[in-house]
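Naming follows writing order (A, B, C and D), and every chain is counted from residue 1.
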Amino acid sequence: MERIRIFVTGGTFDKEYNELTGELFFKATHVDDMLKLGRCRLPVEIETLMMIDSLQMTAADRGRILERCATAAESRIVITHGTDTVAETAAVLGRKLSAKTIVLTGAMVPYKFGSSDGMFNLGTALAFVQTLPPGVYVAMNGQYFPWNGVRKNRKLGVFERIR
Amino acid sequence: MERIRIFVTGGTFDKEYNELTGELFFKATHVDDMLKLGRCRLPVEIETLMMIDSLQMTAADRGRILERCATAAESRIVITHGTDTVAETAAVLGRKLSAKTIVLTGAMVPYKFGSSDGMFNLGTALAFVQTLPPGVYVAMNGQYFPWNGVRKNRKLGVFERIR
Amino acid sequence: MERIRIFVTGGTFDKEYNELTGELFFKATHVDDMLKLGRCRLPVEIETLMMIDSLQMTAADRGRILERCATAAESRIVITHGTDTVAETAAVLGRKLSAKTIVLTGAMVPYKFGSSDGMFNLGTALAFVQTLPPGVYVAMNGQYFPWNGVRKNRKLGVFERIR
Amino acid sequence: MERIRIFVTGGTFDKEYNELTGELFFKATHVDDMLKLGRCRLPVEIETLMMIDSLQMTAADRGRILERCATAAESRIVITHGTDTVAETAAVLGRKLSAKTIVLTGAMVPYKFGSSDGMFNLGTALAFVQTLPPGVYVAMNGQYFPWNGVRKNRKLGVFERIR
């Protein structure tokens, strides 16, 4: 089986509750714990690129994600990302990369908060990355969207196909 | 988007703890709750065929699942199933059905028990059913297996490719 | 068995995660759900006085809590409260009320977030209110503190006895 | 603060799900994890006496619990116990010991199963043991019962006062 690379960039997925300040913050990624919980047996390599809220993500950050996707040895890549700007990052990647299958996913509720969609989304992303043809996609709400046909409806908190 | 049919047959997935007897039992399926938790927006139709431990599943039960897969209007079908005999049911379906994409999945730990792989597996199954070519598959451990190339390793509690 | 009154004032206890904004907010109290989960069979009457972060609590709010404690028919009262100023509210009550057993409690992590101390604290508060002599107390960290001998150590996130 | 001894005897409290066999079993106690989750800062000493279903508990087992309660240095003792025969063990202790405050508690649902009453019950037991006069008690459903005035209503799954 071909190895899958997972790039971690932060996002709601990995947020935790700081009980001293009452604020949300990032510590380390939970993706490895989530894969253990899912009894996942895929060969994966997890690499944390950054741990930020996607509203804070800069063009330089996106450039770094693009560069790592391009240079990674793997041709199948999952990226965990904040949902607010995941479509923007997907577009940056989609315009430049066409030889690899890249699936971006995120969560509406932190994994640690009990009622998270994270496990479900990570499952769909890892399945889509194994089966979709080369291209850049966003996996949310059980669906996959091509990078140039998706937006987040922030009012409803769901992803929609455009065009 | 094409509608996906989900057939529920029971299995660990849907087991609950009876606090009066200390035993595990079946009440109703949790698949709809799980889809809500996953913020799933796929058009699905959930149909409970039976609620049994897969070690109790008879040839007649498998015949009924086969018949419902054959007659269902949908060409993409997910089946939740106990893991102990899911490969056996997959084989019954695989020998007869080739025009539909059918993905069987299950869980090692009940959804209600907190540490379940159910959300992850349901995510992978729903993604695989949208993207795999017609055929019958088992989705477990983040992977998909063709019906004639899978067995459960009961000692390790994982699924393995055979042949 | 004597009825216990539970006054809800908000606090971390009852905070929820708003998945559209990524912020914490108050909806309704979870105290009734928590009592159900605890299989609690005490006769209780739950009354929501306010739903606020205790850092926002004004002298008028504390006056209202004091007034409701004084006029309530019950002589045993539990108050759920944000931890940041729970000692301050306890002092307001303690200086005026001496004929009732009043136990204030809270949580460091919201009940809904999985890793909450809320269930444990609510359990201790309901036990202390049944067994302690009249007076005003704070129940946190498994302990009870008299109103005039407690402070929150915000650096460590724990309560300490003073004097 | 006086140190509290916690004797672990097993019971539903500490049961886990064996995902290879689908059966419930005992591994190690979760009481220390539960105290951490409750941010408990009481000085406690946890000692596992046995890890059994209380329906399997023999007179010899009860004799051992009695002996350890009698010889322990602490005068305040909490015992975690299966609910089915907790009243029987309480009676064995109650007839012999009158100088210490001993509180037995349990859970209807395993701590690991998400919907457990364990955290709540442990909270009440630790509070009661600090505040009740010497004697032997059962703490369940938010209440405390003297050892000679309690029975489990197995039909309803709750504890009742008798006499």
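Keep this in mind: contacts are C-beta pairs under 8 Å (C-beta built on N, C-alpha and C of every residue); 3 or more make two chains touch, one makes a residue touch a chain.
Every value quoted in this text rests on a predicted model; they were computed, and no experiment measured them.
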| item | value |
| --- | --- |
| Reference chain A; chain at largest CA-centroid distance | D |
| Copies chain D and chain B - interface residue numbers shared by over half, same or different | same |
| Distance from chain D to chain B - Cα centre to Cα centre, in angstrom | 39 |
| Whole-Å separation of chain centres (CA-atom averages), chain A against chain B | 26 |
| Distance between chain centroids, defined by C-alpha means - chain B, chain C (Å) | 45 |
| Sites on chain D at which at least two other chains make contact | 108, 115, 157 |
| Overall pattern in which the protein chains touch one another (line/ring/star/complete/other) | ring |
| Chain-chain contacts as defined at top | A-B, A-C, B-D, C-D |
| Interfacial residue positions of chain D with respect to chain B in the complex | 12, 17, 19-20, 22, 24, 53, 108-110, 112-115, 154-155, 157 |
| Chain D to chain C touching residues, read off their complex | 1, 34-35, 37-42, 108, 115-117, 119-128, 130-132, 139-144, 157-159 |
